[in-house]
Every structure is written in C-alpha cells, then in structure tokens.
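The following pair of complexes shares a single chain, chain A, combined with chain B in the former and chain C in the latter.
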Partner chain A sequence: MAKTLTFALMDPPFENGRSTTALRLIDIAVNRGYNVNVFAYEGAVYLPFAKQAQHPNVVHGRNAEEENHPLPRAWIAALMKEAASKGPKIDWINCGLCVDERGAGEAIEGVRRGSPADFWTFAQNSDNTLVIGTK
Partner chain B sequence: MAKYLLIESRDPFENNIVARQYDLAMNLVKEGNQVTLFLVQNGVLPARPGNLSSLLTDTAKAGVEVLADDFSLRERGIAAGKLAEGVKAAPLSIVIDQLADGRKAIWH
Partner chain C sequence: MKVLNIVEAAYRGTLEEQDDTIVWICHAMKGANADIDVLLRGNAVNYAVKAQDASGLSFGDAKQTQPPQLANDLVKLKGKGAKIFVVEDALRERGIEPGELIEGVDFVPRAKLAKLFGDYDQVWHW
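Let's turn to the complex of A and B:
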C-alpha cells in the first residue's frame, strides 16, 4: 500500500520561497509513488486560485506571452495531472474559512473545500505530516 | 532512539532563532537521538564558508548530519564542493525519504 504524506501550507503565492519548496516536495513525493494530502491554510488558499493571470512586463518591453510569468495554479494543476498519470493521489483541501475571508472561492479543478478538522483527519491517516508555517 | 528531521529555511544573519535550531539538533543528539539538519532556501547561506559557518561545523561535529539542498545552493551561487566543514550537498528528495521513513519533522 502506498504511503501517504500530509503537508500543511500557510504562505500565499508570489511571496516566499516556502511555497516553491513545498511544491518541489510534493512533486518528489508523487514521483516516489506516495499519496499526498495538502491542507492549505490562511494565505495558502490562494495558491490554486483559478484567476491568477499572466501579465506583460512594460519595463522590459515584453508582452504576457513573452514574459511567461509562472503561476502557482498552473504548477499545482501540473502536479495533479502528473499524479493522475502515475497513480498517486493528491488530495488538496483549502480551508473554507480562509477562502471566505479572502474571497478566494474560485480554485482550480481538484481542490476541495474543508476545515481545520480535515487537517486533523489527514494527519491521523498519514504516514507523516510536515507543517510549513509562515513563522 | 528517535529519529528527527529539522528543516532550516532561514539563515542566522536574519533570524536569531536559527542558531537555537542548531542547538536543538545538537541537544537531540546528546539525548541519544539520530538527527538530520536539512538546510534549504536561505538556510544554505551559512554553508558558504564565512563568519557564521562555524555554527554548522560545530553542529556537524556534535553528531548531527548537516545537509544543504543542492538546488538552493545553485540558486545562490554556492559551490557544492566548497561548503563549510561538516556540511554536505544533498537533493531535496532526502526530506521526502525521511518523512516516509517516519521521522519526526520540524520546519523552521
């Protein structure tokens, strides 16, 4: 039976390397064949926000396509696609209270709404849990 | 004997708690535990030989396995072959392997 790892994320996108490191860890776990649970709390609920959009860079004279600004929602979608093709499951829950506070209800496909109780359930049913806090 | 994984993402130049995390790693070893201190992001900065590198060297000499994320090193232009004494470059996959192995993990 495949192992399951749970990650709790708290950082919003575009602000800190922790988000990138977390997604790198999830990618490695999926490639190891492990199931991954993610509980996105506070600003992290914006990581899979569906309305993230690329933009031009007028300072460098590049349009949006040339700028090709990376979007966390695209990375997460790619991770979910990768997992689906290889077998492991990524179960991503956004904290519903955090979503409502921030108006971040429009998440990409595959993201569920939940509560901190889901994080407890995740941890109880996982082989290990890593909390990546903001402080 | 328990096994611990301490992940350090900050550097001691910006955050005073970092040195306490190194102390925690050493004290866990003194208590008979097996400890890996994994440096990532700016946590790898003191792995470049400098005035605070001795903190990591002392940690390694105390019996802590001190590893530095090779990707974070490359991002910061720190040569993996010229790290402070006691620090080794390692892939991030070590973290996943140790989590899967059931290590008690703390992120800072």
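Let's turn to the complex of A and C:
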C-alpha cells in the first residue's frame, strides 16, 4: 500500500526558494509512489492561483514567450498531471479563510478549499508530515 | 497522534491578522480534537508576556479596533487543554522575568528540548 506524506506550506510564490524546494520534494515523493497531501496556509494559497501570468522581461531583452517565466500554478498543475499518470494522488487544500482575506479564490483545477481541521485529518492519516513555515 | 508546534518566527503579520497565525491554527485544530501543545522559542517567547499592548494602530481615520492579544490567546489555548512551553534560555537572553508571563506556562531549558520532543509523535516547526 502506498505511503502518504503531508506538507504544510506557508510561503507565497516568488518570495523565496522554500516553496520551490517544497514542490521539488513533492515531485520526488510522487515519483517514488507516495500519495501527497498539501495544506496551503496563509500566503501559500497563492501558489496555485489561476491568474498568475507570464510577462516579458525588458532587462533580459526577451518577450513573454522567450522569457517563458515560471509560474507556480503551472508547476503544481504539472505535478498533478504527473501524479495522475503515474498513480499517486496529490490532494491540495487551500485554507479557505486565507483565500478569503487575500481574494485568492481562483485556483487551478484540482485545488480544494478547506480548513485547519482538514490539515489535522491529513496529518492523522499520513505516514509523516513536513511543515515548511514562513521565516 | 500527539504533536508539538514550535513557534519561533514572532510577530509575523500579527497586526494584520489580529493574532499569531500558528497560535490561531492551533486553536482551530483543537476544535477538531487535535492533541497538540505549543513551544515558544526565540523571539516568540515574548508572546507570553502579560503587559504587551498592540493597540492604537491607525492610518488616517482607519483605526484598528481588535488589536492582537497574543498572551490572552495563549491563555485561551491553555484553557482548551494545550500545554504552553517556553524556552527559559530565550527568556533569560531577552531579560524577561518569568513573573512577567501569563500563569501556567511550562518552562523548559534549551538543553532538554530533545527530551521534550521525544514525548511527541511529531514536531512541527512553523
């Protein structure tokens, strides 16, 4: 039976490397057959925000297409697609109150709205939980 | 499952949230029957100081009416059955006397944290 890992994330996108590292850990977990739960708390609810958009970068001398700016929402969608094709499940819950106070309600497909009670349920039903808090 | 929540990054958005987000989520999880305790370390030991007062914030005619009451939030969390641990070395380093804190906290020396962690199934360092 596949093991399950839970991740609690707090950082918003584009601010530091912790969220990217978390997604890399999730990628490794999925590729090793782990089911993954994610509870996005506070600024992390913006990680799967559907309205993230690429832009040109004048400093780099590249248009939007050439720049191909990374978007966390696209990384998360890719992780979910990867999981779906390989078997493990990614269950991503955004903290609902954190979403409301930020107006971050438009998340990509596959993201659910929930509460800290869901996080506790995730943790109880997982083999281990990694909290990656904002510092 | 028994979990110890370590709060170290202090006063992180507390004026905007009107609480500490980790103390808040502990309250919320307690409501879901979570068996959790809290350890204050580093600058977060100040959360247990009774005399702190964050009231008075205003921008033009926009006044904050519900400022954070962090020490009181800890008292309430303790009332729900959570233990509140405070790293006593962190208090001493900051010149905070134990008598300045809310009643009923458990003091733990830094040297005994590993032993404390052993009492829990998981330790979440926020």
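Structural remarks
As a working rule, the second predicted complex is superposed on the first by the 135 of 135 C-alpha atoms of A that agree within 3 Å, B and C clash if a C-alpha of one lies under 4 Å from a C-alpha of the other, contacts with A are read in each partner's own complex, and residues count from 1 in each chain.
Heads up, the rule we're going with is that contacts are C-beta pairs under 8 Å (C-beta built on N, C-alpha and C of every residue); 3 or more make two chains touch, one makes a residue touch a chain.
Not measured: the values here are computed from a predicted model.
Placing chain B and chain C on a common chain A by superposition gives a fit, with no clash between them. Once the two complexes are overlaid on the shared chain, A:28 sits against chain B while remaining clear of chain C. Within the superposed three-chain model, A:121 lies in touch with chain C and out of touch with chain B [touch as defined at top].
The superposed model places chain B and chain C at 60 degrees from each other around the C-alpha centre of chain A, with the value given to the nearest 10. Within the superposed three-chain model, A:57 lies out of touch with both chain B and chain C [touch as defined at top].
In the superposed model, A:68 lies in contact with neither chain B nor chain C. In the superposed pair of complexes, A:5 makes contact with chain B only, with no contact to chain C.
In the superposed pair of complexes, A:131 makes contact with chain B and with chain C alike.
For the pair chain B and chain C, the model built by superposing on chain A gives 5 Å as the shortest CA-CA distance.
Residues 128-129, 131, 133 of chain A are contacted both by chain B in one complex and by chain C in the other.
Contacts from chain C toward chain A in the complex involve residues 1, 3, 9, 12-13, 21-22, 25, 28-29, 31-32, 34, 122, 124-126.
On the chain A side of its complex with chain C, the touching residues are 8, 10, 41-42, 115-117, 119-121, 123-124, 128-129, 131, 133-135. Chain B contributes residues 7, 9, 40-42, 71, 92-93, 95-97, 99-100, 102-103, 105, 107 to its touches with chain A in the complex. For chain A in complex with chain B, the touching residues are 3, 5, 17-18, 21, 24-25, 28-29, 32, 34, 127-133.
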